[in-house]
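As written, the chain order gives the labels A, B, C and D, with residue 1 at the start of each chain.
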Amino acid sequence: MQFLSDNAARVHPKVWEALRSADEPDKPYDGDALSQQLDDVFSTLFGRECHAVWANTGTAANCLALATMADPHGGVICHREAHIEMDEGGAPGFFLHGAKLLLADGAGAKLTPDSIEAVLAAITRGIHQVQAHAISITQASEYGQSYTPAELAAIKALADEYGLALHMDGARFANAAAFLGCSAGQAAGPVDALSFGFTKNGALGAEVAVFFDPARADLARWRRKRAGHLNSKGRFIAAQILALLDGDLWLELARHANAAAAEIAAMAGERLLYAPQANEVFVRLTERERAALRARGFAFYDWDDATARFVCAWDTRMEDAAALARAVGSL
Amino acid sequence: MQFLSDNAARVHPKVWEALRSADEPDKPYDGDALSQQLDDVFSTLFGRECHAVWANTGTAANCLALATMADPHGGVICHREAHIEMDEGGAPGFFLHGAKLLLADGAGAKLTPDSIEAVLAAITRGIHQVQAHAISITQASEYGQSYTPAELAAIKALADEYGLALHMDGARFANAAAFLGCSAGQAAGPVDALSFGFTKNGALGAEVAVFFDPARADLARWRRKRAGHLNSKGRFIAAQILALLDGDLWLELARHANAAAAEIAAMAGERLLYAPQANEVFVRLTERERAALRARGFAFYDWDDATARFVCAWDTRMEDAAALARAVGSL
Amino acid sequence: MQFLSDNAARVHPKVWEALRSADEPDKPYDGDALSQQLDDVFSTLFGRECHAVWANTGTAANCLALATMADPHGGVICHREAHIEMDEGGAPGFFLHGAKLLLADGAGAKLTPDSIEAVLAAITRGIHQVQAHAISITQASEYGQSYTPAELAAIKALADEYGLALHMDGARFANAAAFLGCSAGQAAGPVDALSFGFTKNGALGAEVAVFFDPARADLARWRRKRAGHLNSKGRFIAAQILALLDGDLWLELARHANAAAAEIAAMAGERLLYAPQANEVFVRLTERERAALRARGFAFYDWDDATARFVCAWDTRMEDAAALARAVGSL
Amino acid sequence: MQFLSDNAARVHPKVWEALRSADEPDKPYDGDALSQQLDDVFSTLFGRECHAVWANTGTAANCLALATMADPHGGVICHREAHIEMDEGGAPGFFLHGAKLLLADGAGAKLTPDSIEAVLAAITRGIHQVQAHAISITQASEYGQSYTPAELAAIKALADEYGLALHMDGARFANAAAFLGCSAGQAAGPVDALSFGFTKNGALGAEVAVFFDPARADLARWRRKRAGHLNSKGRFIAAQILALLDGDLWLELARHANAAAAEIAAMAGERLLYAPQANEVFVRLTERERAALRARGFAFYDWDDATARFVCAWDTRMEDAAALARAVGSL
């Protein structure tokens, strides 16, 4: 029973279907009919003008978006446990040509206006210090916590005050939107660009940087080509995205993953690090307890010495989640 | 009848099969069982120790390989019509952190020891000029011309004399190997790394940088992650490659594409720019002649004002090639 | 008798005086009283609003200016013999984060609207090719040729048509202005930024990137710090510049160097590559002839196998120039 | 009475003399007779083979050295208050092409084997995280604290254990060496490269990256040119360095600055942040107390809300230091 990562999940049958249907000759790169639909489909979804730039990985989508926001001599404020800081092998330094991540604090790996202002307040040496050009938040966060529309608005107000662009890493945007129960537009709030992930939610490999401004999207397209992310058979990326957006399949799959996570969390009691607001559950467990769970067939990662992380996906069986919940509850 | 690009071709049924078979949970990134087989499979294929680093595009595979060969302050000698110079949106400048392409001449977009030495001889200003660190050749070249093992050996000897690394862009390596009728090892010759393309030859999207030295491969793996090319479901890239290598399917598909190209070339007579040594045919045609062909249902790109390029793929129907051959012959 | 380079010339006595006068504690970096005067002094000189960013070398001044004009994924059109292409060790690739130099032709190493348009016309592959973002011209050129105000206006018109920024490498701007006999403003024409050199014209080490737009200057200041060119005792750079601008000393020194060059050119007859329009003389001389001159005590560089380059400076003695002129004339 | 910065100090008369003496035509860049002496002079000074690469600023010298130690995808461990992190405007990100600074703790802005190991221990995610390639320490530190030879040896042992290169930022190396009372070689210990500063110690503008290995120096020379730090009249940088090394003037000047700092510290009592081990004194002072000192003519920077920083230089008058000491003592 696999709770290692939503990365390890299967590809959804509808995605397979869409892939096979896309296997007719069409224009290469993003000139095909499917890629050309994306701007409209996302515009409808978000309720404002969207420009969609697909890419192969979340790292690429994040960094292509951020590169439209921070100059090489600038910085991006993010949480010190954010994926771009911890897990992308220095990709922001590469795509942003040496720009710096400026690390902020916040419970549940969420930024707050206060934690952002603390970073800004420490930049006091003018030309001698890297200045913030942008803020990056993660929806849902590394600890599966989601920003409410009100929280997003407050961060955007601060960003505007300081003239900073606002980016959202949405590798698990679907899970956040499903948790919040609001529209995609509300779950994204007033951010300037969003990396919208599909790979963890039923795709084979498909991520999109969604821009709400054509100039940023134009810039990102040049950078995507230059980064080797303009696949020649791009229609196969677009096909996956369209299949998952169709009939709100993306939300349905995310709701399932969230429900499985909730099931586990319900039995974790005081051991729970955070009440899950997406598809991840962090549970305080000793080494011995983790070994016991593994012995019973549950696969998961140690988050740190005292914490296990369980990730549910669209294909997590509810009975497996229930079994894990019981096993955790009985520890 | 489509002769635009082998990029536009279909995905081979065996690749679809392999993709579906790979749809079981496994370790993410390149830790899965399929990715882990690649080093061995390529080592057998090339008859020497190989280290395979898959990527999403030929641009990425080329640049990841080149980044192990040229320092940011160095240069890479390539043909002035090479793909890395003309068609990769400046990706070498990005992946190599500002290293420079040093442009050489040569008929059929092939380099020769003489044309390479001409570039080296022009670098006379020491510290004030970018020095060559590597050579990049394309097998088959932009004009569908292949390097013989003897030609490869001669270039390698020159590279060694000057202490330069040697890279091969093998986006159409299969077509070159099929044309040469030699082993993969002979078609690659003594290069230090090879970008081996599968996307133009039946894959959905799968390219590999093959290194013959573990240190370069190790470096490329760090850089791949940092460039956002370490897909989380990497097993789907590995699966495609294994399917195409299995039973030498890659060679069979390339032979077909080459045969279709040969069919067209056979009727082009004096109009032929080069006798094809792969799957591309360049034919001198006036604007009016090209219009006439298009009116008869043939799709292809203008290479320049006086030349049409016809590209055959694994799925080009021989009857379509024959029809095009007749149409060209009758002009 | 030294005709190797104006780089090798002495420091002017007025510059020494200014350096010594600056040796009082003042604010570090560019906060000192002298640095603070530069914007005004250059604005008066050029007859339009100027923002001056000093640097240690012409390479730095050029690249700081260019970095405000071309994105990392863009290109800069320059002559194929331009200093930024031939003699700056790849600095544009470094400061511009991998942007590409797009090489154009033109007699005397001068660009023309036609030669620039030829480069633009060859960029036909859209997203797959590096697009031009800027043009860089050199006043005076590598062959000591100067652009007239009318030529500058024509290039600017073309730049505007294509939305390209226009940079002038003015390492020998003083010599061009002296030759043209026009104002500094006319010699710079309508360029967007100018690297104005003083080191070859009597300074110890002082170059300025002059911007005609505060946004570019602001950007360049951040980049200057980041490139390690914001000297802590910057007042000593500013002092040199102010000394050379005072009473148009810069023009007087350049006129002298130009006159010495003209003296040599006058005796070179048909051997002359170009009639000098600055302080450099290129003369066709066989290896034997060059050896003969060297045997008579003249030091100079071979430009190529068949050409000697003689460079005059502010401290070239007219009698030395006359002696060289006679020697050349007698060959 | 100026205690703002040793950056603001005057140029020593011997340096002026040397500059004037260097004002004879010689080979440009670093081909002149003075630059050519540096390797030998430093080799004698440090008692081991040295290769000296001068530059215009400490930022450049630091970053040129670090760029030989960390790949673009790697990291450099440094103190979170180190100059390269806090005061160089992101220069390491530029010169190292996006490499990351990995921040460590330590009293007095000094690293310890333990604080370095804590950083290394936190890098647990393999390919997904930036790995340390080098360590950078500052001699003397941002708080004017010096590493003893034993401390240097311990850090080097750790660096070797982990295969990390070791860099020393020696902007105030002279002050550290003077404090330690040991040889230059002992004060540098077994580091792989040292940025040796002269600008804060009597020069007009002269810094050197000293390498103990010719391969690193060779690399740094290419990078220096590419960064626009290869001044054409480089002899004037070399002249300053030689003047300050001659007869150990550098040590004499540093001893004076240290003595002035000690004078101030002696009266600061419990207010002292650290007992000075160089030429800087950090004193806890309220806003009101700082205002009182300023009202009496003392110029200095606020380090933070509760601390004043007083910096002494080679030209600080002992009577001024004594006056400041009395003033502080009387608060």
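In this section, contacts are C-beta pairs under 8 Å (C-beta built on N, C-alpha and C of every residue); 3 or more make two chains touch, one makes a residue touch a chain.
Chain identities (UniProt): A, B, C, D = Threonine aldolase family protein.
Every value quoted in this text rests on a predicted model; they were computed, and no experiment measured them.
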{"item": "Listed chain pair B-C, C-D or B-D that repeats interface A-D [over half of contact pairs the same by residue number]", "value": "B-C"}
{"item": "Which of A-B and A-C has more C-beta contact pairs", "value": "A-B"}
{"item": "Chain at maximum distance from chain C, centres defined as averaged CA atoms", "value": "A"}
{"item": "Geometric centre distance via CA averages, chain C-chain A, whole Å", "value": "49"}
{"item": "For chain A paired with chain B, centre-to-centre distance based on mean C-alpha positions, whole Å", "value": "34"}
{"item": "Where chain B touches two or more other chains at once, by residue number", "value": "72-73, 88-90, 93-94, 97-98, 127-128, 222, 225-226, 230"}
{"item": "Chain A residues touching chain B - in the complex, by the definition given at the top", "value": "2, 4-5, 7-11, 16, 19-20, 23-28, 55-61, 63, 88-91, 93-95, 199-200, 204-205, 222, 225-233, 236"}
{"item": "Chain D contact footprint on chain B (complex, rising order)", "value": "29, 71-73, 97-98, 127-128, 131, 219, 221-223, 225-226, 230"}
{"item": "Of all residues in chain C, those that touch chain B in their complex", "value": "72-73, 75, 86-90, 93-94, 96-100, 125, 127-130"}
